[in-house]
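One chain, subunit A, appears in both complexes that follow, with subunit B as partner in the first and subunit C in the second.
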Partner chain A sequence: MNPRIGIIQFPGVNCEYETARALESVGMSASILRWNVAPAMIPDFDGFVLPGGFSYEDRVRAGAVAASDDVMETLMAAAADGKPILGICNGAQVLIESGLVPGLTGGRIDLALAPNKGMGRDGYYSNWVYVKVGPDPGRSFAAYGLKEGDILPVPIAHSQGRFTSAESGLFDTLEAESQIVLKYCKADGSAPGAFPDDPNGSERSAAAICNASGNVVAMMPHPERSTWLRQVPADIDSVWAARRNAGLASRAALEGEGPGAGIFRSMRAYIERKP
Partner chain B sequence: MVKTEVLVKLAAPDPWSFTVLDALTRKFGFEDVIEVQRTKSWELTFDLASSDAAIALTRELLRTTTLLANPNRDVWTVRCGPGDLPESFWCSDTGEACAFVVRVTDSEDIVGSSAAQIMRSRLGMDSVRAVRFSTVWGLRISRAAADPRDLAARIAVAKTWRSGLLANPHFQDATVFGVDDYLARKGVP
Partner chain C sequence: MTARLEGTLEEIGQALRELGVDLKPEEACRIRDRIGRDPTVTELFIFDIMWSEHCSYKSSKRVLQQYLPTEGSGVVLGPGEDAGVVRLATVGEDTYVLVVAHESHNHPSQILPVEGAATGIGGIVRDVYCMGADVIGVMDALRFGDPEGPRSENVKEIVEGVVRGIWEYGNALGVPNVGGDIFFDRDYDENCLVNVIAMGLAREEEIIRSRVPPEAADEPYDLILVGKPTDRSGLGGATMASRILDEERTSDLGAVQLHDPFLKRMLAEATRAVLSHARDAGIKVGFKDLGAGGIACAVSEIVDRGAFGARIDLDEVNVAFADIESFAIACSETQERYCWAVPRGFTETVLRIYNDEYELPHVYRGARAALIGRVTRERDVVMTRGGETVAGLPAPMITEGIAYDREAAPPRRSADGKAGAAGVVPRVDDLKAVCLSLLSLSSICSKHYVYRHYDSEVKGMSALKPGEADACVTVIPGTSVGVATSVDGNPRYSRVDPYWGGVMAVCESVRNIAAVGAVPIALTDCLNFGNPEDPRVFRDFVETVKGIGDAARALSAFGTDEPLPVVSGNVSFYNESSSGAAIPPSPVVACYGVLDDYAVATSLALKQTGSQLLLVGNPGNALAGSALLEVLGLPGTGMPPVADLEAERKAAHAITGTIRSGLALACHDISEGGLFVAVAEMVIGGWGTGRKGASIELDFGGDAAEVELLFSEGGGYVVEVLPERVGEVSSICESHGAKVSRLGRTVEEQVLEVRKRGRTILKIGIDEMRDAWSSALEKLVR
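For the complex of A and B:
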C-alpha cells in the first residue's frame, strides 16, 4: 500500500494542491485536511506536509498563529511517533514557531525565520536558487535518498526566510549534528557569499533544518514547484536545465522528474524503510 | 536631534487584532484578555533644531507619500514629546481592566532602515537620521487575572508552544509598558 500523507490546509495557504500532486507523482497518496478538522477524524497517516502560503495572512508573524492551532497537537504526536513531517516555506515557519524544529529543548522555541536581509531593501523575494545537500543525508527523511553534495535548483518565494537564533552556539550544534539538511550555494556548490546566491541571510546559509530525530524538516524552498522538468527554467546554470532543454521536443520528457522530486522520493523511501 | 513618532491604525476594524484576541483567548486559554489593538509606530529621528520643524516635515511626508500611512486605509497621529494621544489609539484602563502596551521591534529593523534610505535617497529628506519601525499592541486585561502585568509579559514573548505570541525573541525585542508610561514617552528612547 502506498504511503498516505496528510496535507494540512491552514487558512491562507495556497500550495496544497500542487503539493498533493508532487506527493502523488512519486507514488504516495495525499489527502488535504482543513486545519480545524477534529483530531479524532484525522486518519492514521504515514506522514504530514504543511504546505506553503500565508497562513492567517502572516498576521503577527509568519506561521505564528497557525502554530497555536489544535491540529499541531496531532502533528506533535506524529512527530513523537517518528512519522515524517515536512514544512515547506510557510509550513516551515509554522514548524519553527511551534518549536517542533529544531526540537532540541522540549517544546522551547529555539529558532526564528526572520525577515530576509541582504537584499538592500525589506520585503519579499522570489527566484530560483541552488541548495546543496549537507553531510549525512540519511539523517533526515528529506534527504534520505539524496547524496551529500547534491546540488538542487529550487524556487524560493518568501519575505521571512532567514533562519536565526538568539541562542549562543545553537547553529554550531545544528551543524555538528548534521541538522542543517540543505544549504544555499552557488551553481557550482560553493559557498553562496552575498545576495542573490544567499537569498535571505540565513545563519550558516541554512535552507532546511531538521529536528534531532530527523523526522521533522522545516524547508524554505519549494520542492513542489520543481518536481517536474517542465518547471525548471531553461536558463539556469544546472544539469537540470540541460535535461529540461534536451527534452523540449517531447512532452513525456518534460514530464520527467525535476530536482524537487528527490525530496518527496526521499520521504517515501524513509517511510518504507521503517519497520 | 529631534524625534517624532507617527502612530498608524487601520481606519476599519483591524482583523489582525481580532485574530490575536481569538488566539489568546481560545487557543492559549488566556481568557482574561478582553481587548487587543494594533498600531504601527514609526519613530523618525531628524537632524533639525526644532520640534516644530520635525513635526512639519513629518506631516509633509504623510501628506505627500504613502510610505508610512495610506489615507485610503489608515488613520494616524503625530507626536513629538510626552502627551496624550487620541483615545481611539489605545486600550484604556477601566474599572474592570487594566491596559498595557507591548512594543515589538525587530532586532535588525530592516523595515525602518529601508524607509530611512528611501526618505533620504528618493525623497531628498537629508535631515532624516534614522527610522525605527515597531508594532505596538494594546492589551486590555481583566483585573480578575492573578497578575495582569505578568500575563501581558507572557503574551509578549513566544518562548514555548502556546506560551506567548507577539514577539519571537530570536529576532524581535518586546517591551511591556503601562499605557501611561508609554504616553509619557518612557518607552521611546
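For the complex of A and C:
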C-alpha cells in the first residue's frame, strides 16, 4: 500500500491543497486533517506535512500559536516513533517553535526563524532561489534519495526565514552532525554571498534543518511549488529551466517532475526503506 | 428613529449632513414622497448607499448599456451580480468556468494606503468566493503620483503602503498575484488609483447565485450572517462625510474598513465545506457577500433577485460592541462577512460547520455564523431591533437605484482617427541615450522591486509568472487547460484622445493574451474618472466607453466572430481632490484567455542563438502618447494614431495560431516604447536573466523614419522562431491576413544591434540595458 501522509490544517494555513497534489504525484496518498480532528487520526498515517501559510494569523510569532496546539503533542509522539514530519515554510516555523527541530536537548527551543535580513527593507520576500544538498543526505528523510551537492531551484516566500540561534556553537554542532539538509547557494552551487542569492541572512546559509534522528525537517523553501517542470521559471540559470524549455509544446514533458519532487520522493523512499 | 425632512432644501441638506448622509436634499425628498412618510435614519442610510454612484451607477449605467457588448455564447453570467462568469473549457464531464470581478479602491487607498489596498483585495475576492468559486488569482492596476514631483514624500508613502496592503492581504489569504501594471504621473499626485481584479475557478454546476432560490416559495428559508462581528467600520464609505461620528471621538469609529485575511481564509475553508454538503444533498441555497451597505443592502439584493422579502432581527447580529446604533448594524461595511439563504432544515448544519467544526468563535474574537432572519413571500425588507421596526421598505425600491442623464460636452475629436494634434516626427540626436532612458522609464522598467513582495505561486498552479511573459498563465490541475490573464490601460493615450485610450486599453490587454498563445474569452473593466457632473469629464467617459465597446466588438476571439464580452466591471467617478486636481481619463481593462494546451505558452526571453526574429503585424507610425515623446519631454505632440482594429484582430489571430502550433520559442507584443523596447526586453529577459543577443534590420518599414519604426506604439508582435519553421509561421500569418516581416536573428554576442540599409545605427550591450531597466524603480520610489 502507498504511504499515507496527513497534512495538518491549522487555522490560517494556505498551501495544503497543492501540497496534497505534490505528495500524490510521487505515489503517496494525502489527507488534509483539520487541526481539531487531527489528534485522533494521527496514528493512522505514515508521515506528516505541516504546510505553508499563516497559522493562527502568525500571532505572537510565526508558528508560535500552532506550536502549542493540542495536535503537537500527538505529533511529537509520532516523531518519537520515527515517522517523518516535514514542515514547509510556516510549517517549519511551527517545528522550530515547538522545539522538534533541532531536537537536541529534549523539547528545548534552540533555534529561531527570525525576520529576513539582506533585502534592505523588511517585509515579505518571494522569489526563486537555489539550494544545495548537504553532506550525508541519507541521514534525513527529506534528502534521502538525493545526492550531496545536488542543486535544486525552488521558490521561497516568507518574512521570517532566517535560521539563527542564541546558543553559541549550535550551528557548529548542526554542521558536524550533517543536520543542515539544504543550504542556499548560487546557480553553480557555490556559496551564496549576499542578497539575493542569500535571500534572508540565515546562519550557515541554512534553508532546511533536520532533527538529530533525521525524521523531522524544517524547510523554508516550497518544494510543492517546484514539483512539476511547468512550475520552474523558463529563464533561470538551471538545467531544470533548460529541460522546461526543451519541453515546449509537450504537456507530458511539462507535467514531468521538477526539482521539488525530489523531496517528496525522498520522503516516500524513506518510509518504504527496508530496515 | 425618524429623520424629519422639513423646511427648505438648504435646511434639509444641513440635516442630512449632520446625520452623515451624502444624499442630495432633492433625493431625500424623492424618497419621502415615494414611501409616503419621513424615512427612518436607517432607511436614509440605506438609500444613501444604494443611490450612491458606487452602487447605483446612476451616471454611467445608460452609457455602459448603450456601448459595451456583454453577451456571448460562452457567457454564463454577465454584469449585474457580484462577478461575471464565462466558460473556459470542458474536460471530460467537467465544464470549467472562470469567475471574474474588477473594482476600484481608489479613495480609501489615497487616505490609508495599507488598509485601502488590502480591503480592495479583500472586497474583490469576496465577490468571487460568493459565486461558489475558488479564487485562483488577483491582479492590481496601480496609478501613483510623480515620486519626483512636488508631493514626492506623500507619493512614496502611498506606493509603499499600497504595495504592503496588497501583499499583506493576498499572501496571507493564499491567493497568488497574477499580474498588474503600474504608472506614475503627476496627475495622480492627489488621487492614486488602486484597481483590483480577482478570478476564480469553478465547475459550471457549482456556481451559486446571489439570490434566494425559487424553492423558497414552497418551504421556509432562513437568512444566516457569517463572519466578523459587525462594527461601525466603513460607514459612509470613502467619502468619510460622517461628521456626527467624528464628533463622538470614540475609538470604535473609523470610516475605512479593516482587513483580515486570516478570517477570510477560515471563512473560505468553512464555506467550501458548506457548499460541498449542500451539493451532495441537493440543497438549493443563495449566497452573497457583504460590501457597501452591509446587512441591509446584501439582504435586500439577495431576496429581491429571487422576488422575495425578508424579516431581519438586528438583535441576532453578532456585534463588536454593545452600544452600536441600529443604522450602524444595518449598514456598516464591516469586512469579512457573507449572507446565506438556506432552507430551514439546513440551518443547523450551516451553523455547526462554521461555529463548531471550524470553531469561528474560538479562532477569532466575536466571529460566528448567526441566524438573523427569514425569507418572506411579501416583498418588503423589514428590520427590527428590540421589537421596534427600524426599516421597512419594499425590496425593489431599495435595489432599483436611480439614474441620471449627465450632460456630455462635444467630443474633442471625431472617433475615426482623423482629427487631433498635428503630427511631427521628433528628432533624436543620441539614439542610445534615448533607448536607455526608455528602458528606465517608470512605466517600462522592471517591476520586480514591487512584485518580489507578492506571492505569485501559492496554490502551485502557475506556468508563467508575473514578468516572465506578457500574460500570466495559471493551469487547472490535472488538465491541459491554462488561463491567461492581463490588465492594461495607458493614461498617456487617453490624454491624447479618450476614445483611443479606450480602444488601446482593450487592444493591449488582448495582445498580451495572444502573445502567450491564449484565446481571449472575456474582458472586465474599471473606468476611473473625475467628476461626472462636469460635462468635459462626462464626455471623456462616454468617449472612453465607446472606444472600449468598438474594440471589444472588433477583436473577436480566435476562430469566432463574436465580440469579446465585457462580463464585469466598475466605474469610479469623483477622482478629484478639493484643490480641483482631476485624474486623466483612466480606463483599466483586463483580458482573460484560455489555452487548450498550456504547454505551448512561452516566456518572452530569447531562447537560443541562430533563431529568426519575425515581426507580425505593423506598429505603424503612432507616436502620440508614446513613451518616446514622454522621454523627450514632448507630450502632446506626435502623429495621432489610426485605430486599425481589423489589422489588430488579424495580427492577434496570426500570433495565437503560431503559438498554438508550438512554433514560438519566445514572443512579446509591441506596446510602450515600440519595437525597440519589445526586442530589448526579449534580450534582457522578463526576469532580467537573458543571455542571448539580437540583431534586427529596419528594412521592413520602407522609407519610414527610423524613429517611427523603432518607437511607434501601434501594436504588433515579435516572435522567435527556428529558421526551418519560418515558412510555417509565414503561412499561418498569411492565412489570417496578417502582415509578417523578417526582422532579424538572435546572436551569441550579448548585444542588441539595430541596422538600417546595411548600416549599424545602434548597438547596446545586454548589461547596460539590464542595469537601466532593473534598477530604475527602486531609485524612483525608495
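Going forward, the second predicted complex is superposed on the first by the 269 of 275 C-alpha atoms of A that agree within 3 Å, B and C clash if a C-alpha of one lies under 4 Å from a C-alpha of the other, contacts with A are read in each partner's own complex, and residues count from 1 in each chain.
Everything below uses one rule, namely that a contact is a pair of C-beta atoms (placed from the backbone, for glycine too) under 8 Å apart; a residue touches a chain by one contact, two chains touch by 3 or more.
As the structure is a prediction and not an experimental result, all values here were calculated from the model.
The superposition on subunit A brings subunit B alongside subunit C with room for both. When the two structures are aligned on the shared chain, A:157 is found in touch with subunit C, with no touch to subunit B.
Note on subunit A: of its two partners subunit C and subunit B, the one contacting more of its residues is C. Legend: residue contacts after superposition of the two complexes on their common chain; A:247 is shown touching subunit C, with no touch to subunit B. Contacts of A:137 after superposition: neither subunit B nor subunit C is touched.
Shared-chain residue A:126: touches subunit C; no touch with subunit B.
Judged by the touch definition given at the top, the superposed model places A:145 against neither subunit B nor subunit C. By the document's definition of touching, of the two partners only subunit C reaches A:12; subunit B does not. By the touch criterion defined above, A:36 reaches subunit C but does not reach subunit B. Taking the Cα centre of subunit A as vertex, the centres of subunit B and subunit C in the superposed model span 70°, given to the nearest 10. Applying the stated contact rule after C-alpha superposition, one finds that A:56 touches each of subunit B and subunit C. Of all Cα pairs spanning subunit B and subunit C in the superposition, the closest are 5 Å apart. Looking at subunit A, you'll find residues 56-57, 123 touch subunit B in one structure and subunit C in the other. By the touch criterion given at the top, residues 56-57, 59-61, 64-65, 67-70, 72, 97-99, 107-112, 114-117, 121-123, 162, 164-167 of subunit A touch subunit B in their complex. Listed in rising order, the residues of subunit C touching subunit A in the complex are 164, 167-168, 171-174, 261-262, 265-266, 269, 357-359, 363, 451-465, 468, 475, 477, 480, 597-600, 602-603, 605, 607, 662, 665, 685-687, 689-690.
Listed in rising order, the residues of subunit A touching subunit C in the complex are 9, 11-12, 14-15, 17-18, 21-22, 34, 36, 52-54, 56-57, 123-127, 155, 157, 222, 224-225, 227-228, 230-231, 233-237, 245, 247-251, 253-254. Remark: subunit B residues 15-16, 19-20, 23, 27-28, 106, 108, 110-111, 114, 117, 158-162, 165-166, 168-172 touch subunit A in the complex.
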